[in-house]
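Listed next: structures, encoded as structure tokens.
Two complexes are shown next, each including chain A; its partner changes from chain B in the first to chain C in the second.
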Partner chain A sequence: MTHSELEFTGNRPLSNAKLGVLILLGAETMLFAGLIGTFLVFRMGSDLWPPLSHANIQLPRLVTGINTALLIISGYTMYLSLRAIQNDKVKQLRHYLIFTGTLGLLFLIIQGSEWIQLIGKGLTLQSGIYGGIFYVLIGCHAVHVLGAVIWLIIVIGKAIAGRFSVDRYIGVETCTIYWIYVVALWPVLYFLVYFA
Partner chain B sequence: MQENENISHENDDDEQHEHAHDDNDTEQHTHEHDDDGQHAHHHEESFISKYIFSLDHKMIGKQFLIYGLIMLFVGGGLALLFRWKLAYPEKPLPFIGVSQQYLDEGEVVTGADKNWERIFDSEKEEWVEVNMPAGVMTDAFYNMLFTMHATIMVFFVVVPILVGAFGNFLIPLMIGTRDMAFPVLNMLSFWLAVLAAIVMAVGFFVPGGHAASGWTGYAPLSADPQWTGVGWGQNLWAISLLIQGFSSLVGSINYITTVINMRAPGMTFFRLPLVIWSLFIVAILLLLAFPVLSSALALLIFDRLAGTTFFTTTTGGGGDPLLWQHLFWFFGHPEVYILILPGMGIASELIAVNSRKPIFGYRSMVYAMIAIAFLGWIVWGHHMFQSGMQPGMGAFFMTTTMLIAVPSAIKTFNWLGTMFRGSIRFTTPMLHGIAFVSMFVIGGLSGIYMANTPVDIFIHDTYYIVAHIHYVVFGGSLFAIFGGIVFWFPKMYGRYMNEALNKIHFWITFIAFNCTFFPMHILGVGGHRRRISNPLAEAIDVTTQESLFADMNIFITMSAFTLGFVQLILVFNFFWSIYKGKVAEKNPWHVTTLEWEAPTPVPHGNFEQIPTVHRGPYEYSVPGEESDWIPQTEPEPVPAGGGD
Partner chain C sequence: MFRQIVLWVLVIGFVGLLFPLIVDACPNCKNLDEPIARGFNWSILFMMAMPFTVVGVIGGSIFYQFQRANRNLKV
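Now for the complex of A and B:
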């Protein structure tokens, strides 16, 4: 991603790669703002939520709450992996990265199994706006977690190959920024969608 | 720790300059080193890596320019087709359609008659037979034409040329760096745009035709195939725009990073040329606006393909068609400023250079652009006065919209102030610059009328709106594009364009443009609705039984054809000049900004040595100086750095 040969070494508070990822987060925020806005329009326009046609649906608050905790822990371990490489602890970096990735995958698996149960209970994409916005909004976040996991796997591969050191860890840093963004977004969606 | 050191450098001007010089040397050194190493292949690049999958910002800029010009002809061609329909709703197209004798007596006279005979006889339902039997367009085809005309012009012409071509070509050169921050992403941005164009083009030939719900894709027309009868066309429309959104996202990340991080030593933000400011602001708008459209497009695709009901009410799922309008215009209004702001930046360059005067009120120009960009976010509701909204909201959107007149007027008066008592050179770029300012004023003023809710109720969905958008986007953006092409052509290709042909092109374009779009104001106030395929059925005079709109529509169509065909002069001039134009020297217009410091044609890596900037971008006719321009790289007469 970085073309270091073109970069200046001069006075810049942020490297190109880091700045680029931060800018990307601006766009991600607006994408979710569009979807959250849609959710709010539907939620505020309905007196009953879920609507009568799906009154039997109870979203799995407890399991998803535990899942939320898992994801938040993964954000912390991701931060620890960055701290590890900043202190030149390459082995610790690998361990924390792998632990983080496992938590991310676990989050996706638990959410996937919850979806299967919900579909079994009759809540599908076609279940009017209630089902539609649930799957699109939560699914959009899940796709982002999946993307972050794939990114993390690439970083893990580089860490195992010994590509990071105390002087060169921009790859870990950019991935950490993105991971923590995806983690921080989740509690917002959780409270909105599961408790609103 | 490294960061702290850098901050302290910034605080100390003298030290920073020394540091900057060091930087230069190391940069130069690393570049040479690269040339020996991994970049050695740049000296003998293959055709493919030089012209197709190029990583060089200048080549990608030129690719975007050619791409935009090709799409300009596609979009313009669609417009000419439906202009024919509006002037002569029942008459076959000339040359393509059947002759009058064939219509009257069934007698085969022309080659076209023979062709149509064959098409009608064949078993297969051919594309032309479905859309324009015998050369007369169907109403469904007309819907598709105006939808695709606007879609192509907005997403595939104006943004790719202004942002893709000028942004790519100018940003690294004008801020004094060797390339964009992320060259690979830059290439990706272009090829995603190509993919989007291909997907969009395929839509014309799928069963059911292309999207026909207007470029705004209003739901439920777009969300439910039963209203327009359009199947995969609308899906491909949405998918293509999603891809174009990725292209814009990647491009804008690149532009913002480059402008923030890659400026040459001494190039402070307030020494940036205004065109770079405008592109920087537009990149931020694109970054934040396009994802909102992407979210709406994703929901639309789910509605059409997965059975959700976000934008439809027919199936009882509880959707909301107005939601689409909100999401679309929340993107759409910033998009309008995305279309015009780079034009403003380009016009500022053209006018300052050719008036041989500093731009009047440089900082107020920057702040005005920032104000326009900010206000652009809170005015989207003015597109929806007629869609129904709480009256208080209408008043809010009316007020914020009219507030935009303030920064726009600041810019206009600054352009006039720049020209005032200048030594104006009436070169073609300057003519285009002046045309930009005057046409933008007409388009801007009609915008203020429309912002009034009581007036808008009357002129909503009439040709008045069509006139307004074309005065801003054609009269504004396209004149800036033409001016910019002529102005930077010597730097892009090392040759001049033919000035006589340019002047002919400009004057005919300017006159034909006004003949085409000015009468639309009158039609609009007269009640001519937009997007109807047969205006001759409207406004019938009781005495003559003929439509009052007929003559003016014919006049507009004739002007539009003139406008369309005169663009061939530009195309001929463009390609002829690449090979046969007069060879240009390094800085033919005597411009102060950095792109003209680079050798012509600009080599890979742009500058022999990264320049150091000592001055603002508009030091023309400085009192007491012999030359009427001082390049940004010229050190101040008093040594020691840091003079702002």
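Now for the complex of A and C:
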């Protein structure tokens, strides 16, 4: 079979859906690059960080570190779910997907509870540059995790309905790419915002 | 007429290059020792690198996928 025949049969090396997700991730990367660039300006532009107005606020590094570990594990289980369907193990696929979704939800719940505590201590979106850049950067990532969880719930629904097989799993594959992107982005933001 | 405009633009541009202080328009880049200027500098460098990174990763990924498909075909 020649290369053009391969494309003609629809068995392309790179599907349209996968290419679409890659382009989406390119746009997402530019968005986060802009936000990280803004953070760098504020962070490097200040001798004191957090600024004096927020000197009493300590970001919860330990809890967020544990949360980071949870998210990284979810990235691995998502990868395992893709491997499961590639090996025609549909039952294993469902289990891994549900486990991944649970970890994603847990991440959001822990982060939400952290935010409630920080707001209680006076760190809000309007409290200054520190609060503003913290909530915009971390919040933007949280919205992406939420989007990924919603996408994953749809994929779980389809997996339970038996819509995926060893020959047809593009839905799982695209969701895995997006999930792993969101997971890989988090440690960068975590070390930048919580330790810089 | 058009050629004359282009010529004048080139001449003015060249003369401008001879006097760099005149085109030093960004107040943040003048004093690079100041923290805010350093912040802007790193931010600009970081964001400048991003389009190349994005295109490189997406292009590399597409290239890898096609290479793998070709390899599988040969096998």
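Just so we're on the same page, the second predicted complex is superposed on the first by the 185 of 196 C-alpha atoms of A that agree within 3 Å, B and C clash if a C-alpha of one lies under 4 Å from a C-alpha of the other, contacts with A are read in each partner's own complex, and residues count from 1 in each chain.
Here is the rule we go by: contacts are C-beta pairs under 8 Å (C-beta built on N, C-alpha and C of every residue); 3 or more make two chains touch, one makes a residue touch a chain.
Quick caveat: nothing in here was measured; it's all calculated off a predicted structure.
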TODO: For A:M30, select first, second, both or neither according to whether it touches chain B, chain C, the two together, or no partner.
DONE: both
Open item on the list: Just to be sure I read the superposition right, which of the two partners does A:L62 touch: chain B = first, chain C = second, or both, or neither?
Closed with: neither
TODO: Using the touch definition from the top, say if A:G128 reaches chain B (first), chain C (second), both or neither.
DONE: first
Open item on the list: Output check: A:L52 vs chain B and chain C. Expected answer is one of first, second, both, neither. What do you get?
Closed with: neither
Open item on the list: Which partner chains sit in contact with A:V136 here, chain B, chain C, both or neither? Use first/second/both/neither.
Closed with: first
- [ ] Once the structures are superposed on A, label A:R43 by its partner contacts, choosing first (chain B), second (chain C), both or neither.
- [x] second
Task: Per-residue contact with chain A, leading partner among chain C and chain B - done: B
Task: Common ground on chain A, meaning residues reached by chain C in one complex and by chain B in the other - done: 1, 3, 6, 13-14, 19, 23, 26, 30, 33-34, 37-38, 41-42, 45-46
Open item on the list: Show me the residue ranges of chain C that touch chain A in the complex, using the header's touch definition.
Closed with: 35-36, 38-40, 42-44, 46-47, 50-51, 53-55, 57-58, 61-62, 65-66, 68-70, 73
TODO: Show which residues of chain A lie in contact with chain C when the two form their complex.
DONE: 1, 3, 6, 13-14, 19, 22-23, 25-26, 29-30, 33-34, 36-38, 40-47
Open item on the list: Touching residues of chain A toward chain B in the complex: what are they?
Closed with: 1-3, 5-16, 19-20, 23-24, 26-28, 30-35, 37-38, 41-42, 45-46, 51, 125-133, 136, 140
Open item on the list: Which stretch or stretches of chain B touch chain A in the complex?
Closed with: 3, 6-7, 9-10, 16, 19-20, 23, 26-27, 30-31, 34, 38-39, 177-185, 249, 252-254, 256-257, 260-262, 265, 287-296, 298-299, 302, 306-310, 316-320, 323, 326-327, 330
